[in-house]
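The structure's right below; bear with me while I get my questions together.
For reference, chains read A, B, C, D, E and F in written order, and residue numbers begin at 1 within each chain.
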Amino acid sequence: MSRRVRLLLLAGAGLVIAVVFAAGCAELPPFGSPDHPYGERAVAAALARHTANVVSSVNFDQRAFDTLGEESILFASVLGTVIVLRPARDEDRQEPEPARVLPSTRLFGALLLPVTLLTGGYLVAHGQLSPGGGFQGGVVLATGLHLAYVAADYLALRQVRPLAVLDVADALAAGAFSVLGLVGLVAGAAFLSNTLPLGTFNTLSSGGLVPVINAVVGVEVASGVIVLLAQFLDQAVEVVDR
Amino acid sequence: MNAWLLAAAALLVGTIGPAIAVALHGPSHRRLVGADLAGTGMPVVFLLLAQGYSRTSYQDLALILAVLAPAGTLVFTRFLAGERG
Amino acid sequence: MRHQIALALLTAGTAALVLAGLAVLRLPPPFLRLHALSLASTLGAPLVVLALAVQTGPGRGAVKLLVIGSLLAVGGTVTTMAVGRTTVRRERPGLLRGNQR
Amino acid sequence: MSVFPYLVAGWVLLAGIYGLATSRDLIQSVGCLAVAQSSTYVLLLAVGYRRGATAPVFADLPVGAPVVDPVVQALALTDVVVGATVTALLLALVIQLRKRHGTVDPERLTGLRG
Amino acid sequence: MGPPPPTVALPGTAQLPLAVALPGTAQLLPLAVAVPLLGAVLLVVAGRWLPRPARDALTMVCAAAELACLALLWARTDDGRAVSWMGGWGPPGGSPAHGSQSVGIVLVADRLGIGMALLVTVLTVAVLAYSWRYFDEPVGEHGGVFPALLLLFAAGMCGFALTGDLFDAFVFFELMGAVAYALTGYRIEDPRPLHGALAFGIVNSLAAYGSLLGIGLLYARTGQLGLAQLGQALDTRPPDLLVVCGFVLVLAGPLVKAAAAPFHFWLPDAHAVAPSPVCMLLSGVMVELGVYGTARIYWVAFAGPGGVPAHAFRDTVLVLGAVTALTGAVMCWQQRHLKRMLAFSTIGHIGLFLVGVALLTPEGLVGTAVYVAGHAGVKAALFGLCGLLLDQYGSVDEHGLHGRARELALPGALFAVGGLALAGLPPFGTGLGKSLAEEAGGRYLPGLLPALFVVVSAVTGGAVLRAWLRVFRGAGPTPGDRPGEPETSGEGEEPEVHSPSRRLPAPLTAVPAALLLGALVIGAAPSVGRQLAQAARLFTDRVGYLAAAYQGPVPPAPQPVPASDWTVSGALLGLLSAALAVALALLAVHFVHRGPGAALNRRLVLPLRRLHSGLVGDYVTWLAVGLAALLVAFVAQR
Amino acid sequence: MTDTLIVLALLAVAACATGAVLTPDPARQAVVLSVLGLSLALLFTVLQAPDVALSQLGVGTAVTPLLILLTVRKVRRSPRRGGDQEPGA
């Protein structure tokens, strides 16, 4: 198919999709309408379970099964990336050279690294109270660790990054999620039921299972993203063709 | 309608808009100027929104961005400078 | 009274940031644009944060705001320098022969 | 205004499809895929918005205050994670592809056709 | 405010006395997803220390546990549905009147869903047995990753088959997608798998995002995510453009997964190059799950008065299926790369499955169900045999292997049997399914639809038999190359194992043989068909599904159980297509240069082959064109 | 006022998305994508979804552009196609 034909086909198809989509949207409730039945129910359910952040309640309690699937996707993607980027037979590793970095950058990175890790931890811990949670905090933790790379170089990063441990931590956290689900079954309730004490509203331990799953997700996301980024950094910096 | 939201809207038009415009043109390192400006302006917008909506918990957004945006920009400068390591 | 001070600071900060934005847009030479960047991070952002802190009043909230503000100022300065170095390398490779590879 | 956000979502999707269809670089294709995905966030959150309401986080909010729909936010959150990980996986494939094929231009990959 | 009353969902079926030791029916549903997930974790953690035999044994134990779980579920559900609300978030107070008031995710399993999950697990076990001595897997750090990915794949597919929630289906769709991309690109030393995996990944992800947009639109209208709840909410007002738009967008994902034309371009690229054991799963069951998803979503959510009219769905999907079937058959005949040939034959059969589903009758559905089961066995066996050829000769090229596999007597015989079974030879499951679907189709479009079934199965079976004659019998002259035509040769493949001179490992023959035997049993044992017929009746009972999901009393299904036995005409048509396949193969091998169809070939077939260009950009364009066509079709028939 | 903010954020998203697909060079696209991530986070905030905005900040402005940049770097540094620099740089 020539480029011209492709563009013509695409233009035609795009036009049709655009027209029908726009016409369909015209039938939607207007933007900002007050009618959200599922949302109302979710809010009530979250408050009944003493979880202040309703989004966390939906993610880690009411629709926790989705999150189980989502964490499995993360786990599978990390595994897949590791296996796709595994060293081939005709590749070598090359020790990277220390990099030259502006002194201001180095100082800034060194200062910021602890701040980032603290912020990430804070986001994970407050997941059921304020915006944030395991996922957001995990990403911040993982990205924060790579400040070591920005500030110094790859060699420094490798020293603060126990990859083998994180690899296992990622897997264990993924497994812990399923195990938490099984706890409900063993307790005679449904899979992933919230069988823990609910605690006082608006405290760090409120919400029963929510803070636990939240922490598990935080560990999984942080270690998973670090392993993921490590694979790419290895490729970009270390691995060379033989 | 309050002054904080008004200021946020002004920043969106006056700072973020130009930043996006710059980020959409030219070679990478010139685009980076736009990205950097957006990285500076956006946390301020988030703080103003937090105040304007009277939701102090939105300030976390600015905090996270203040931590992540410089890291992102530094990574960009590192790769675009074409050096090794 | 506190509100008025806050509004004044807010106006000044917003003006600085908008000025920086317009400068980045209108100034064609890449090195002049960098000045606009540092205007935004060292003047505009701290002023707005100060306005917010004044509005909030003394307490933990204000401290958090000031921490964010200082992060912004420091981070902005460092990134501006880094962007500047990259720009120099790309646009005037001769200037930094020592660092060239 | 009553449909504008939905239309923006549609626009972003079509833009992503256009980028994917015309891309000459597989890394850029993956970027376009990320753009196409952002249309889903826009639509989901626009659907959940409610005028005059605020975020469904009751730590600093009286119970009973009007809040926007938390469910779509949870869905969008899931979607963000899924998108990031799939992007990583696809980029890993691109890296290996470049090693084996020596190119990331889809037009120069002729191993599979007919 | 206190905690709400516990709303633990209990199964609607009677508890066996065994239930003290065994998990309850409702608990089995999440277990079917959790067991392989946990197995994958175990393998990744322990795999780096365990020696290979221990790892393989551990994998087998996990797969067997999963199999036991699903078999128990199959036994317990009989003529009913198992329902399980995740986290106990069922209807408030457990009352069916509040069925639409729940906030949780529901898993609903009837025997078709469990059957798909069982098929997944059986094939996974077969694949694990097959790859016992197959790969030289990486060791150490990456040990255990391949079986872990297989288990995750199984978890994703089982979750997709059992869920009763639209967004949850999206999540599991993405899970099986992500694993499938990684597994397709598993052989990183060879360039083509990476190319195929990338095309697969981009097209599938894009379609999944389309589905999610559709889910967003439907959520905006109804405020529901559960399939049953969604269907009920849609029925409260007449359908409009929004429903059509949401329906088509939601179907984008399943239809791309099902590789319906013109969404099919990724499939031959991916299946031709994925490791053979992975192909067994991809072609055997993952693609069929796309059809299953299409059927389930339509039946539960859109078959009501507020959804998409039955005639619109029937006519549109019939055309879609017919186009898919013909495209698959024509392209299948053109291939010399054996795995690519099998991939196109899968597309041909998918077209037939779509036709069977599109009839919207229990009869068509039971035919499709039996057909899918039989096809899974046959196709997996054939892919397994291709893997054997790859293992022994480092090639899957029909021309390059000409006569070279004469010494492989047993695999050769199996390959021939597979070809005949693919053509629908009685009493294989494929033959029974084909006959049942033909009969159901003949009632809607007499003559035309049965002819489609016969032609497509004869051509795809004939292509396999042609390859058998050339590769295993050395019949006819070696065909020359076709310069200037787009073609994928099967030569120069990186062998999947790096010790080609070794003895033929036993599982490489035993597993395909067992799979073919399974396909035979499905067709020959009447109880299989009868149970699937009951399942098909249950599947088409929308009212019953809604009631079950709401945990209310389920009214008895109105339709009679469709017939599921061999008929004389069906058996004759099966024999006819098998004979046609043999004739086609013989003609092609012995009269290769004397085709009167050269002009036809140039006019029609060559352009079609050119369309399969291997370009991701083209595939995305076709995806958009297909969506636009579906939108036009459904809007026009509203 | 809130509607104005939402419209501005939507316009920013649409502009960045359009710009990103029209940028053929992946390194430049990475810069645009990071700004797109910022715009999306802004949109989510004005749509009162700070949770999603936070993860978008992490993923959209940090992780995805970083992954793309690392891929670009790997691809450009591979020796089989030497001297392939960013066009126009």
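The rule is simple: a contact is a pair of C-beta atoms (placed from the backbone, for glycine too) under 8 Å apart; a residue touches a chain by one contact, two chains touch by 3 or more.
Computed from a predicted structure; not experimentally measured.
> Going only through chains that touch each other, what is the minimum step count from chain A to chain B?
1
> In terms of CA centres, which chain lies closest to the overall middle?
D
> Counting C-beta pairs in contact, which chain pair has more, B-D or A-E?
Looking at B-D and A-E side by side, A-E shows more C-beta contacts.
> Distance-wise, how many Å sit between the C-alpha centres of chain A and chain C, to the nearest whole number?
30
> Roughly how many whole angstrom separate the Cα centroids of chain A and chain D?
15
> What whole-Å value do you get for the distance between chain D and chain F if each is reduced to the mean of its CA atoms?
11
> Can you list every residue of chain D that touches 2 or more other chains, as numbers and ranges?
Expected reply: 1, 4-5, 16-18, 21-23, 30, 39, 46-49, 51, 53-55, 57, 59-60, 67-68, 71-73, 75, 77-78, 80-82, 85-86, 88-89, 91, 93-96, 99.
> Touching at least two other chains at once: which residues of chain B meet that condition?
13, 16-17, 19, 27, 29, 32, 34, 39, 53, 55-58, 60-61, 63-64, 67-71, 74-75, 78, 80, 83-84
> Mind pulling the chain C residues that touch 2 or more other chains?
Chain C, residues with two or more chain partners: 71, 75, 78, 82, 85, 90.
> Who touches whom among the chains?
Applying the touch criterion to every chain pair yields A-B, A-C, A-D, A-E, A-F, B-C, B-D, B-F, D-E, D-F.
> Across the complex, what residues on chain C touch chain B?
Residues in contact with chain B: 7, 10-11, 13-14, 17-18, 20-22, 24-25, 30, 33-34, 36-37, 40-41, 44-45, 48-49, 52, 55, 61, 64-65, 67-68, 71-72, 75-76, 78-80, 82-83, 85-87, 89-91, 101.
> Spell out the residues on chain F that touch chain D in their complex, using ranges where they run on.
Its residues touching chain D are 2-3, 6-7, 10, 13-14, 17-18, 20-26, 29-30, 33, 36, 40, 43-44, 47-52, 55-56, 59-60, 63-64, 67-68, 71-72, 74-75, 78, 80-81.
> Report the residues of chain A in contact with chain C in the complex, numbered from low to high.
Going through chain A, the ones touching chain C are 100, 102, 104-105, 108, 111-112, 115.
> Could you list, by residue number, the parts of chain B that touch chain D in their complex?
Listed in rising order, the residues are 53, 55-58.
> Which residues of chain D touch chain F in their complex?
1, 4-5, 8, 11-12, 15-16, 18-19, 23-25, 27-28, 30-32, 34-35, 38-39, 41-42, 45-46, 48-49, 51, 53-55, 57, 67-68, 73, 76-77, 80-81, 83-84, 87-88, 91, 94-95, 98-99, 102-104
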